[in-house]
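What follows is a structure written as structure tokens; I'll ask about it next.
Note that the chains take the letters A, B, C, D and E in the order they are written out, and that residue 1 is the start of every chain.
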Amino acid sequence: MEYVLEIKNVSKFFSGLVAIDDLTINVKPGQIYGIIGPNGAGKTTLFNCVTGIYAPEKGSIKYKGKDITGMPPHKIAQMGVLRTFQNIRLFKEMSVAENIMAGYHTKSKQKWYHSIIHNSFYKKDELESWKKVEELMNFFDLSDLATTPTGDLSYGKQRKVEMARALAASPELLILDEPAAGLNENETIELTKIIKSISEMNIGIMMIEHDMDMVMNLTDYITVINFGKEISQGVPSFVQDDPRVIEAYIGSDDENDKEDANGK
Amino acid sequence: MNNKTTITIAFLAIMAFLPLLADSAWLSIGITFLVFAVVAFSQDIILGRAGVFNMGHAIFFGIGAYTTAILNVHFGLEIIYTIPFAIIFSAIIAVLLAGPIIHLKGDYFLVATIGFNIIFEQVLSNDIFGLTGGPNGIFGIDVIRIFGYELFSDTAIYYIAFGLLIITLFIIRNLDNSKYGRALYYINKDEIAAKSMGINVPYYKLFAFALGASIAGVAGSVFAIQYSAVSPESFNFMQSVMFFAIVLVGGSASLPGVIIGTFVMFVLPELFTEFKESRYLIFGAAMVLTMILRPNGVWPVTFGNIPKFLRPKKGAK
Amino acid sequence: METFIQQLINGLTVGSLYALVALGYTMVYGVMKLINFAHGDLVAFSAYVGLTIFTQFYGSNALTLVNIVIVFSLTSIVVAFMGVLLERLAYRPLRTAPRLSAVVSALGASLVIQNGIMLIWGPNMEIFPSDIFPSTTWNFGGVLISYTQFVILALSAFLMVSLYLFINKTKIGTAIRATAIDQDAAKLMGINVNRIVMIIFIVGSMLGAIGGLFIGVYYRGLTFDMGWMYGLNAFIAAIIGGIGSIPGAMLGGLLLGLFNAMISGYISTEWAETFTFILLIIILIVRPAGLLGHNVAEKV
Amino acid sequence: MKIKNIASALALSSVMLSSVAVADTVKIGVQAPITGKYANEGQSIDNFVRLIVDEKNAQGGLLGKQIEVVTCDDEAKAQKAAVCAKKLVNAGVFAVIGSYTSGATEAAQSTYFRNKVLQTSDGTSDSLIKRKYWTFFRNSFPNAAQSDFTAEYMVNVKKYKKIVVLSDYSSYSAGLGDATEASVKAINGNILFRGKIKSGVQNFTSTLTKIKAMKPDVIYYSGYYTDGGLLRAQQIQLQIDADFVGGDSNDNPDFYKLAGKSAAGTVLINFPTPEILPYPEAKKYLSAYKKRFNMSPPSIWPVTNADGLRAIIEGVEKTKSFDTKKIASYIRTMKDFPGITGPFNVREDGERVGAKFVVYKMKNDGTKEVVK
Amino acid sequence: MVNNEVLLSIKDLEVGYGGIAAIKGISLKVLKGEIVTILGANGAGKTTTLQTISGLLKSSAGTIIFDKNDITKCEAHDIVSLGMSHSPEGRRVFGTLSVEENLMMGAYTLKNHDKETLEWIYDILPRLKEREKQIAGTLSGGEQQMLAIGRAIMSKPKLLILDEPSLGLAPILIKAIFKAIKEISLSGVTVLLVEQNAKAALKLADRAYVLEVGKITHEGTAEELLNSTTIQEAYLGKKH
């Protein structure tokens, strides 16, 4: 298996308007793949298509060789595609440990009757689950906050909990939607390290990020999209200097600006 | 022993000794309280835990009561054997009704369940298949017999209801500490995040319905036994509104909350019979006031239900 | 055929009453996304207020047009005031609270009004004088329309057209629609959202008051809990039409009235209510936004 | 030590409680709708019972014991009635008067039967004596008697050829409607249509429009006045050219208020109302009632209940015992006990026999005239 | 055009959502007649700043003075009548209202909407004239943006706040929009602009502030910033 995720010619429309347009992206296991582009370019829509929240109108999405196009989100998650959200979707009133436990949902083998009667199988399974949560809390340095409601945490900590929750499902593809948004410099550095170490577990990572320092530092490969279309792809240093990318980001108001951007 | 356990044990201890102190009038209030508390807890599984806006909970309570009444009166089945049917029918009806509408969003779901409740009332009042007895319902339900003993006295019924409450609390405790129970909370707090964690949202919502309905069904059976009669007005839409309000006024997914809610809605009116005329006015005002002062209920739920070994050591913050 | 047309007219009469009441639900839902469960009880309240004004001022004599206008206006004003009070006390403090809190508050307010009526006027049936409107009946080839029916149909049509024009052609009306679409954007236009909400409660309560008075004049018997039934039917009408949509509420009301008349006239009175709710549930499943509503996608 | 103390305290208090029970009183229960839709009927039943009990107590009580009245409000609801039954049984009554509605009576029957408590009610539903409980007897006349009378009136007196029978869904009304339908058919009358309306919906035009097309001679309605009055008004408004005959529960001043001018010409079939009862007991008790409560009973029903109570008192005195079984069988053998509502005879199954009915017609000026 | 009279002045403004500070003490000034732009990456707090100025969000500390009035505690709808108009991010046109009705709503605070202003708007944004009767939700993104701007100037504001007017628009439309903004400014309206198209914004603006994670990191004239590497770094990261 060469690719953990193959997005092939995918398009998505909203009431006739194109949101993503014929995108093709391939992610390898252990690779950190960046998706960048200006606001409203269609990045989050792409992620929603991959995770099943939207069904694309055209094209196919394959995960580990299996077609997952149009599958419901929980099925896709059960297969090992987990995500975080741009605007953090933690269960705010619930504790850190309980939040991380949510990620372990697909791994727990409990049946419906275990919610009524607790037998020895339940006890074993429950202990295993919480051990896994403990492991992740240690990994993310959250053990001291186990009982704290996530709504009371700082942004940076919340991002970590969200990532820990996704990791609890032992994903093979992790989708991070702006993981550094709202973080301060130190937190960003810490996060960068964590993402690196996750990718070393041979987990494919796909991320949207606006913090370009981080993107350029962290990712192995980047696709730049604008108006739902791919405008450039390549390794970070290539993309950073690609005039099409500069134009998309910084913009141009006149023809002579192009050489201006290239010139530096 | 944490706070919640202390409260639970204290509450159960008081309830266990009540029959020794109460006269018969109090005893029947006690039974009503226990039965309605069970129904409120079962509604709390659906509304408070899964967060599904169910405003037709009286249906399942009614299915249980009518199942017992019909099987006993029309088919001569012993009361004790009607209870499994009450559980199963309630659960099946719950899934059949909620299934097609489970994807509806909040208010729309609420309206649909109101609709079901009104259809249910009409089915009962129209004496469907000659089984439900029309507007007057079914009378003359037998007493419960276990091992040849007739359990007729109020005290016996009180302890049956009390037993049911204990079983309900036990199930809820087990539910809260299990994969299924947690999944319900996740769905309640953020459906999209829950989906993205691999939780099959409609499946778990229907599970909550089936579980809540079957508990309400048993409570219905006990209710039918207590009064030896069932009639449609006990399962009408207003009753569902009450169960809905109990959970939210008390505090959803909170044990003391639901107890407080049930007490305020069903026991206080019995205590202040002199306010009989104006009691619903006072309740209405109290509902409004509670929501304004405490939008999450009198005693909201607290989370952090995790094993001891994960709890941070004292001093660490 | 005569019978059919007669049923049609019966249905339209009830339907216009539902529509008048449904407008109150739909306008409040449109702007506040709140099911105003107390609206039906306001309708009942208006019938009682109207009855009291009638009997206080006119005994039980037949009324001239001028007197009718006076009674209708007075009642509308009293009920509108109640509507505004309801919003101030029970809903405004919960504008930013969780949705369910507002629902419970609405249910509580409904209990308060319903039982307030019972405390003021007593639990027994109160009866409207029978000859407020002349008992003239016109016969069109076997199809009968009574004076009262005619007034109900004509005035409801007039009110609905006026409301339609108010909502669609005036600045305030446009502001109401704008607020329903996007409250923050409306604020940025300089629209005082609180004032818009107040206007909605005034207009909705007045229409409900006129509906309530018609119910009193047409059916005469008033019970303190009658608001639930009319409220619920009107609410279903609002949903069938598409809750939040004003033409939807009108259409839904008329359709529901016709549907009820046809079901009880041709199929079964016994199951008429069941049919109504089955219709409701089918519409919710097939087209949750109703016939004229808009589906809104949830933002992720 | 402590436990012993508590135990002895409990024992003491239970002795005290039981000593209250053996005191020199005897309890009679009233189960009636004291609040709700039928509050005036229920309160009047309670009043009449107290009138008779106070008279008896003044005469030295029942077999030397003072009678205590325990009232329970069943709000005319079946479920509440079941609670009342238990409450009254627990209070230690030996007999219960009530309830007003058949439904509430029926819901309480089995509890009284199981506890050997006598019960007498004005409920007219035929189903009340279906179970043949020995504890129960009826103090009014059954639907079957009224329906036979009604059928006779409509088919043979008025010679209606096309009859429509309407009722609501309550067991009383549907029962009377069904019985009337059967009685009409039994004497070869022609039933065009047998329909039901939903009580309280106010709008009956759909049903009436359907009926109009059938061109009936008469519409008979066996439900309550709250719907009957509107039904009549809407019938006139739809210009359905048929007579309107109403069952006993239409006979209430509010019927005329609801129907307004349309009430004129309406025919109502009822038991004789209190003010026209010709018996000497009637004059005595009704004037006593009027004197004490400053009004007349709203209908015949409180009066029949009073007769039920008087029959029980008679039973106790004649058998010289509070053994309910004995009292019940005595009541079933009484011959023409002089009731306020006429001679009181009870059949073996608890049915009161020997019914009398009156036909009224409404006049234009709002008064009624006895036709038959 | 630009004189030294201060139209808007913000001092030590702090805004937070549920305990998390989004704006951490920023100060800025807008002079009468200027075009001022706030630049910064996503999540820097630009939109929060604008929403606080126009009263949609409440600040936890600091003051906002507009046209000599302290508006820190004012309601959004009252601020509009003082002469400030805010065209929000994502356009937020009233989708089921017609173009004309949307514009009418823009003039809500005025007794009568002014025919001249309307003509003028149709003049700078001719597309709107063509689509006058069309339902706003059916317009293309660019047209909606034009409508949002048009709607905002219907109230004849002293200060026009524009939040990302070029968001998601094709370059050709961006040009048209910016041309319109220029014209609006020339007519005497002061403009406060948040843009991610930094080059275009700087070409247009007199002065600019650069916002990073809730703080202002740079400020200066548009020219200074245009020729520095600051902007490129703020958007595309430092070169490695």
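Here is the rule we use: a contact is a pair of C-beta atoms (placed from the backbone, for glycine too) under 8 Å apart; a residue touches a chain by one contact, two chains touch by 3 or more.
Just so it is clear, the structure is predicted and the values come from calculations on it, not from any experiment.
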Chain A to chain B, fewest steps along touching chains: 1
Starting at chain B, fewest touch steps before arriving at chain D: 1
Comparison of C-E and A-E (more C-beta pairs in contact): A-E
Rounded Å distance between chain C and chain E, as computed from the means of their C-alpha atoms: 42
Chain A-chain D separation of Cα centroids, rounded to whole Å: 75
Centre-of-Cα separation between chain E and chain D, whole angstrom: 78
Inter-centroid spacing, chain D versus chain C (mean Cα positions, whole Å): 39
Interface hub residues of chain A, defined as touching at least two other chains: 53, 85
Residues of chain C engaged with two or more neighbouring chains: 270, 273, 300
For chain D, residues contacting two or more additional chains: 35, 169
Residue numbers on chain D that touch chain C, as the complex places them: 35-37, 39-40, 169, 195-198, 200-203, 205-207, 209-210, 212-213, 226, 229-230, 233, 237-239, 254, 257-262
Residue numbers on chain D that touch chain B, as the complex places them: 10, 35, 77-79, 81-83, 86-87, 90, 102-103, 106-107, 109-111, 114, 131, 169-171, 174
For the chain B and chain A complex, residues of the former touching the latter: 171, 174-175, 177-183, 185-186, 189-190, 192-201, 207, 211, 301, 303-307, 309-312, 316-317
For the chain C and chain D complex, residues of the former touching the latter: 2-3, 6-7, 10-11, 13-14, 123-125, 127, 129-131, 135, 137, 139, 144, 146, 215, 219-221, 223, 226, 229, 260-261, 264-266, 269-270, 272-273
Residues of chain A defined as touching chain E within the complex: 17, 38-41, 151-152, 154-155, 178, 181-184, 210-217, 227, 236-237, 240, 245-246, 249-254, 257, 264
